[in-house]
Every structure is written in C-alpha cells, then in structure tokens.
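All chains are identified by letter, namely A, B and C, in their written order; residue positions are counted from 1 within each chain.
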Amino acid sequence: QTLQDSSQSLDPQQQQNAAQRILSGNYGKAVTVGGYGEVLYNQPEGDNGELDVQRLVLLVGYKFSEKVQFVTEVEFEHVEEVYIEQAFVNYNVADNINLRAGLMLVPMGIVNEFHEPTTFNGTERPAVDGSIVPSTWREIGVGVTGRFNELNLGYQAYLFNGFASVNGDKYLGGANGLRNGRQKGIQSTINTPNVSAKIDYYGVPGLRLGFAGYFGRTQAEDDVDMIDGADIAISMVGLDARYAYNRFTARGQFIYAGLSDTEDYNTLYGADLGSALQGWYLEGAYNLLPQQNKQKLFAFARYEQYDTHADTDGALVRNDAYNRNDWTLGLSYHITPGVVFKGDYQIRDNAVSGGDVTNRLNFGVGVWF
Amino acid sequence: QTLQDSSQSLDPQQQQNAAQRILSGNYGKAVTVGGYGEVLYNQPEGDNGELDVQRLVLLVGYKFSEKVQFVTEVEFEHVEEVYIEQAFVNYNVADNINLRAGLMLVPMGIVNEFHEPTTFNGTERPAVDGSIVPSTWREIGVGVTGRFNELNLGYQAYLFNGFASVNGDKYLGGANGLRNGRQKGIQSTINTPNVSAKIDYYGVPGLRLGFAGYFGRTQAEDDVDMIDGADIAISMVGLDARYAYNRFTARGQFIYAGLSDTEDYNTLYGADLGSALQGWYLEGAYNLLPQQNKQKLFAFARYEQYDTHADTDGALVRNDAYNRNDWTLGLSYHITPGVVFKGDYQIRDNAVSGGDVTNRLNFGVGVWF
Amino acid sequence: QTLQDSSQSLDPQQQQNAAQRILSGNYGKAVTVGGYGEVLYNQPEGDNGELDVQRLVLLVGYKFSEKVQFVTEVEFEHVEEVYIEQAFVNYNVADNINLRAGLMLVPMGIVNEFHEPTTFNGTERPAVDGSIVPSTWREIGVGVTGRFNELNLGYQAYLFNGFASVNGDKYLGGANGLRNGRQKGIQSTINTPNVSAKIDYYGVPGLRLGFAGYFGRTQAEDDVDMIDGADIAISMVGLDARYAYNRFTARGQFIYAGLSDTEDYNTLYGADLGSALQGWYLEGAYNLLPQQNKQKLFAFARYEQYDTHADTDGALVRNDAYNRNDWTLGLSYHITPGVVFKGDYQIRDNAVSGGDVTNRLNFGVGVWF
C-alpha cells in the first residue's frame, strides 16, 4: 500500500490531510527537489555597479505513477519577489504522446525553454530573448508533446492564454515590446486562446534545429473588448539552431513577430507599439581546456541585432533607439558540471545617429542541480 | 551520532550554523517534502474567463524523534503571494495525547482542515467554507489532539488567537463575514485567547461525523479596547459528516455563528456585520468507473445555502444579496491517485427578488503529493 | 553517468531543461533539504501581546562534487515576506582553503552567523545583534575560509558590497543604526567594496574565541557620490566568546563601530547618525536537568548594554534614549535536540532620566532540522 493509496482513500475514516500525512510518516519517496540560480554583477562604464541575486529557483517534481508526473518551479527574483513559474501535470498517454495542463513555458527560441545559467554563455541572457521573445514567457494552457525517433523529430503544441492588452497600468509598446502583456498565470483574463507549436529536428549529429510558431490575439477586458484596438493580433515565428562539435559549440536564432491592429491600439491607449518586432543572434564558443577534462572553459562571442520597432503602422515613427545591436565577448568557466563562473564585456549600440548605449562588464556565478 | 546530536552540541567548538551543517554533509534523512496545488479556469457566463494558479503549496516535515515532529506549509497563492499556512511542533507525550504549538488550522467543518484538491469535489471549494467558515482559517495557538480507539473518538482542543476587530484598513462585515479578521500569524495582536474544539466520531463503518465549536472574542487594539463595540463575541458551532459506500460518497455540513455586540461594532466602524452567519451544504457523488480501477470518475451534485446576514442587530437591515444558494454539478476525474481533473457548472442565486448571481463553468487540475 | 554528466551535456541533442530533467527521472540524490523557524509571543506589560511566525527558513544544499557545493537559505518572515538570505558556492580548492562567492553572512559577533533558534538562549535574539550588528547582515561578495588545525585557528576573509548610504527612502540614523543600509543582495548598488574578516581560536577546550573586523565605506548613488557626506566610512570590530563546561555555558561579545563623515552625512540628509555605535552582552546559563539526558532545560541570565549614539559628531547631541540596557532572565527547554520551547522576562531601560522602556514577557517555540 503506497502513500497515494492510503491518503487518497475514499473512506472518510481513513482520510488524512496533508499535515496529518506528514505526521503519520506514511509517505512516498518519489519527490524530487532541485534548483538553479544566478548571482550577477553588472558594471556599466563610469557608473555604479549592481550586485543582485537575480534569481534562485526551487524545482519540485513528483512521480505519481509511470505515466503521471507533476513539475513546478518556484522562482525567487531579486531576493524578495516570488513567482510560480511552471506548474503542470504531464500525462504520458502513449509512446510519443504526452498531454500537459497547467502553467507552462511557451516554446519560442532557445532560452525561453532553456534558461538555466549553466546552459548558455554570457552572464545575462541574450537580449533577443528579453526584448523580442519576452522570456521567461509562460502562461496557463493545455498541450501535447512527444518525439518520433524514427523521424528525428520532437514536437510540442499548445493552447495558451494570450497576452493581456493592458496589464494593470502597463501597456504594450516600443520600450518593452510584448513583455508587459505577460499574464504569468496570475488571475489572468482570457477571452480567446492562442496557439503555440514547435518542432525540433535531430537528424544531423550534434545539431538541433527548432521551428516555432505562435499565433493569436491579446486578451481585452470585458468592458472594452468591442472597441477597435482593444486587442491586437500576434503572429510570431522563430528559427533556432544549436550545434556542438568537439571543443566547438555554436548557436543562433531568428525571431519575427508581426502585429496587426497596432494603429488602433496605439490610438486607444496612447501607446507606441510597433507593427513588427524582429531579432536574431549568432554565437560561437570554444573550450580552451582539453576535451576530456570535467572542467570546461569556453571563450565565446555573440552578436545580436534586435528591434521592437522593426516596423510601425500609421503615424507612429520608428524609434531608432529601439533598433539595437550588442556584441558580447567573454568566458564561461564550468568548475564542475552544474557550476559556472562567467565574465564578459558587452559593446552595445543603437541606430540613433551618434547615439550609444553604455557598454558594460558583467560577472556572475550560476548553479543548476 | 546523529545530525541533531552533533549540530546541537553545547560545545562551542563543535557548533555549526545551518549552512555549515549542510556543507559538512553531516545531515539527517528525516526530512519529508510534499505539496499540493491547483490551476483553475473560471468561465462566468458572458464575461471573460479567469485562469489562475490559485495555489501551490510546499510541505516540509521533520521527525526529530519518535515523539517530536515539525510540519510546515508554505503556500504560494495566485503565483506571486506567499503565506506560511501551517508551522507547528507536534509532541506525542503519550498514547492518545499530542501537544501542539505554533500556527495551526482551526477545526471547523470539513474543508478548513481537508482542502487538498484531490479530497473534495468541485473546482472551487464549497462556498460555505469561504463565507461562513473563513477557510483557510489558521491562527497561532497551543492545543492537544488524540484519538481514543475504544470509543471511536478523535478529539482536538486549542487555545487560538482570535480574529482582529480591525485588520489594517479592513473590517468585518456582510460581504466578507469574518474573513477580513483572520490574522494568519502575521505579527498578530492578542488580548484574549479563543477556544476551539472538535470531536470526530468513527463508530459507523464508512462514516465520519464531526462536531466543532469555537468561542471567543475578536482582538481590539490597545487604544480602542475599552470602547463599546471595539470587539465582538463569536460562538460558532459546526456539524459535518462524510460517508463512503462502494462507489457512492456523500458529505454535508452545517455551520452557525452567533455574534454579540455587532450593533456597537457597526456603529463604531460604520460596518454592516450581521449578528448571525449560517450555512450548510449537501453533496452526493458516484464513481462512474468500476470500483477496482485505480482511476476514478465521480459525477457529483452539491447544494449550498449560506447567509452572512442570517440575522442582524439594531438598525441594520438584512441584505438579501448575502443570502445565497449554489448548485454545483460536475465531474472529478482522478487519473491516478493524487491527480484530479475537474469540471463543473455552478447555478448561483441569491434572495434578492429578481436578483441573480452569474452562473459559471469551472475547470481545474489539482495535485497532491 | 550521473545527473550532471547528462544534463550538462554539450550535445544539443542531449540537452534537457530543468523541468525535462525532473520528468526524465535522471536525477541525483545529492540534494539536502533542511530548515529552521520560530513562532514567538511577545507580551509587553499593560499592552496587547503579539503572536508572530517570525521566521521560517528553508535550506537547500547541493553537493556537485567532493570539492564544490552550493547552499541557499529561503527565509519567510512574518508569514508573508520572502528573502533569499544566503546563496553561495563553496569551492574547496585545498586543505584549509575554501573559496566562496555569492550572497553570504558577514562574520561579526555570534548571532549573525549562528541565529538558528536552538543555538541561543532567549526568545528574541540579543538586542546588540540587531542594533549594533545589523543581523541578519548579509551581502554579495567573494571570500576565503578555512581552518588550521595545528594552530587551532579558523579564518574567514571577504570582499563584500557595503551598506547603501540611502536605501530607497530610508537613511542611516540613531534609531536604527546601520540596519536601513543593508542591501541584502537586492539589485544592490556598489562603487567600492568593503573588507570583512574573522578569526576563531579553538585552543582552550570548551572555549571558542572570535575576533572580527569590518572596514569600508557606504555606497553612494552615482548622482550624489561626489558630494561631501554622500557616503561615510565604517570601521567595526567585534570580540566574542562562547564557553561550555559540564552543565554550565556562557557567552559574551563586544562590538564597536566607528563612523567617519557622519556630520556631513547628517547635514546632507537631515539624519541623526552617530559617529560611534557600541554594544556588549554577557550571558550565563545552567542546565537544570541531569547532563546525560537528551532533554536540556537551561536557566539563563543575560545583561546587554548598547548605544547607537555612543558618540556623535558636530552639532548632533547624543540621544539618551538610544543608550539602552536589557536584562533577560528565562528558560530554554530543549524537548529533543532540534526543538526548543523558550520563555523569558526582559527588564529594559535606557539612559533617559526617569525614562524607561516597557518590560515584557516572551514565549517562543523554535525548531532546526
């Protein structure tokens, strides 16, 4: 008789609540606890630096049966903020078919799904994965995932809740793109579901290719949802690649989001949301240590180009300050699998003539267990 | 030599702090980690729906010895709020006698003590357990619990801190009943303890009967506590029953709270607190799957009637909008012990002539591990 | 092949994110979970009492290898506040040498490093460890620690981020000393690192002596950092001792902080920061139970003297209300190693002629596992 058998008993005389079950000691061993985190130091040129426990995440998983599992991520940001970032049930209905329901990550690009600090180079995540893909982008939904080994294909498909047109007092716009619209599963409003899907191709050794799409509309509140511009349409597509060969690794991605009805939206809310957002990056890295070492020391370079005003509708003039590019040059020193020390320098620019963004030096320590 | 022996050493030269103990690896295995959570979708007729990670709870327990245990619940509500919901020491002094101290649940009705989503039908908890019993109702206190098997009786008795008369800028009143007064162990004020007790009877197979009482006064701040109406008296009694027979289960409860001095309270604070709160519900459920299956699919119906203005004192006129009744009809599909998918429809009404409450459709996924 | 080997794979085709790793079940067993907490009852004479879940702390540690570990503390204060209180990597480079980086405790006095409720007498921590040492004092930094057994010496040395001159809308001053300046790793500003070091001497059986120093300047924001008084200099020294002999234990500490440039600071910000802070305490305790018992019942007495206006610069007159002394007399009943019930009475006074601080009775339950 297992934990779940007894504590989930229908007989009221056998019923225990959660605390009673812990006290009774009649408790399973299928709980998994893990975590990841990163402590960062950003030093912009000529200004004060910033030290921050940017995130510390606890993961808790439970295997109810061979087919049913639950996973949740509790994320603590900047020491004192908390978010449940993932919380979903995975039901392995058949070979190659998993049904999922709950709060889940939207598959778009690399980092939104793979953001553990030991998995990417650079103290900070790529800027494309903040300004174009609003990482960490997660919403409540249902989906199906799986892998067809004979085709070398993995797939994911979801119905997700969409962005809010207006989120409290925050609007979509040029400075933040779609970020402010993320509802994050917090008593989020829904009037029409959005569709998200990704295919990963594994056919070439060492290479993983991803094709992602996201289509839908933002969610407008009841009292405004019939007004023109109360919501906009979003079509986002992403292409990404990761490659590893001996001591060399490379990755890159391209994301394009086309938005409709932004002219009406901007008129209604006095916002400056572009009609297209676009970004891409390429990164190469080389392990400076012998390949058989447990420790790895990657030297890497990444170039990014991204623009939340890749296009605008109506009277809205493109703001060149939103047309950005970054070089990031640095080192990732994995002192043991799961622990990385990072250091890099970022040369940052925008398309404003004579304009510039402050360059900065970054250091960080990241763990994943 | 165990963890506790060494780390709790009196010898200053042996002393370690918590981080040092983890680093030393000199660490016990008596920690238990668990959790429960529910992700919900409420769809009122004609309005936007709401998607919410309503709660995600992590449980941590520790067994210090055969006699002494500690249990705590860390609850994350609506993704970004956090509450320690339980935190108490249980000391098993003798057979049938456990002493407890800390932050604990008040035993009243079924759901305040048994609110894990796999233990009740319906996406939302019964409304009686929110409006009359202010679930989750927990306060700091001391108590004694145990079970006399020969008498088929379980008992609990506590001294708890009471409700606050005024909680920040929130008052007790018709719309929320006593909910706003819950102090939840947050730097809570106390001038007089309250008494709580419950007896559970197990004498009939498949049946569990509960009789609960709660008696005391609200806690008034120092500067007002001599003014008439600064605090009120509360006497709450509850009767509940849970029954299971083959594929059939049923439950029901009746709660009545009589409040004194509400006229003075309402005058002092401009509030509309009733002098009586009352509610009850009855629920029947039938498992549509063969009984030997691990999976269970319950069809259920619940009728609730509850009124936070069951009576009023003085000039306060009963507000019929607070006299409510709900039908909830739905399914609970336990895909494996510990994981439930829920769907139901709620027909909601009040006693206002021609008045009505929006009906709604609810879906949810719940886990308990 | 271990967890870390597979999940940290460079091959993109093998890469899993954190949730996928939990779902895959390919998971290590090196996670350690622990915690400590205290539920307190303060009863000042003649006023309402306060009941509070003062803190509940979850500890999570992970051993990546024989040499590399990670430790974090997630602290929940007053039920609903959360702080990451520690989060650092420990790298055991050689015998007697550990490198550390992340969010760490500043070693000063006893309680800032050893604040688990079972390790100190008294329901509340010593007041010196709140008003002079701003416990829990933690900042982001890097350091080196170790122990030379042949010398009976332990050592710690760190570069830490310093206090903020101004923290949001909070200033340093007489009432709170340096407490308001703690940045706690929350997007904290840095322009100059501070130095912290401590040596512990173990040469006499049962005795542990500590000598600590902290030297640096507060961190001023970019726009004010050239103005006189925008930052101040801090030199803090501490001496502490812990002793145990049979059923008798004793401890004491002395802390002195000299601050420079406080006159300019007070002028610039309209603050009342003293130019010296000083405090000390002595405590003796005796176990009333036979020494071989697992249970221990300590009767203790502690006398504290502390003054955040030990000296002032310029026109600022010393405020005698900040010159405090406390007697604490009470019992600590350890019902099993790791669980303590506490009760004590505090006679509190200040140097104001005829002035007084309300005495109070305190009770508490504390756990550490």
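In the analysis below, a residue touches a chain if its C-beta (ideal position, glycine included) is under 8 Å from a C-beta of that chain, and two chains touch if they have at least 3 such contacts.
Everything numeric here is computed off the predicted structure, so don't read it as measured data.
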* For chain A and chain B, chains touching each -> C
* Asked: Over half of the interface residue numbers used by both chain B and chain C, so same, or under half, so different?
  -> different
* Structure fact -> dist(centroid_CA(chain B), centroid_CA(chain C)) in Å evaluates to 35
* Structure fact -> Among chain B residues, those touching two or more other chains are 33, 81-82
* chain C to chain B touching residues, read off their complex -> 32-37, 39, 41, 47-53, 56-59, 61, 63, 69, 71, 73, 76, 78-82, 86, 90, 105, 113-116, 118-119, 202, 205-208, 242-244, 249, 251, 294, 296, 334-339, 341, 365, 367-369
* Touch list for chain A against partner chain B, complex -> 2-5, 7-8, 10-13, 15, 17-19, 21-23, 25, 27-28, 30-31, 33, 60, 62, 64-65, 67-68, 70, 72, 74, 81-84, 87-89, 91, 101-103, 139-140, 161, 183-191, 219, 221-222, 225
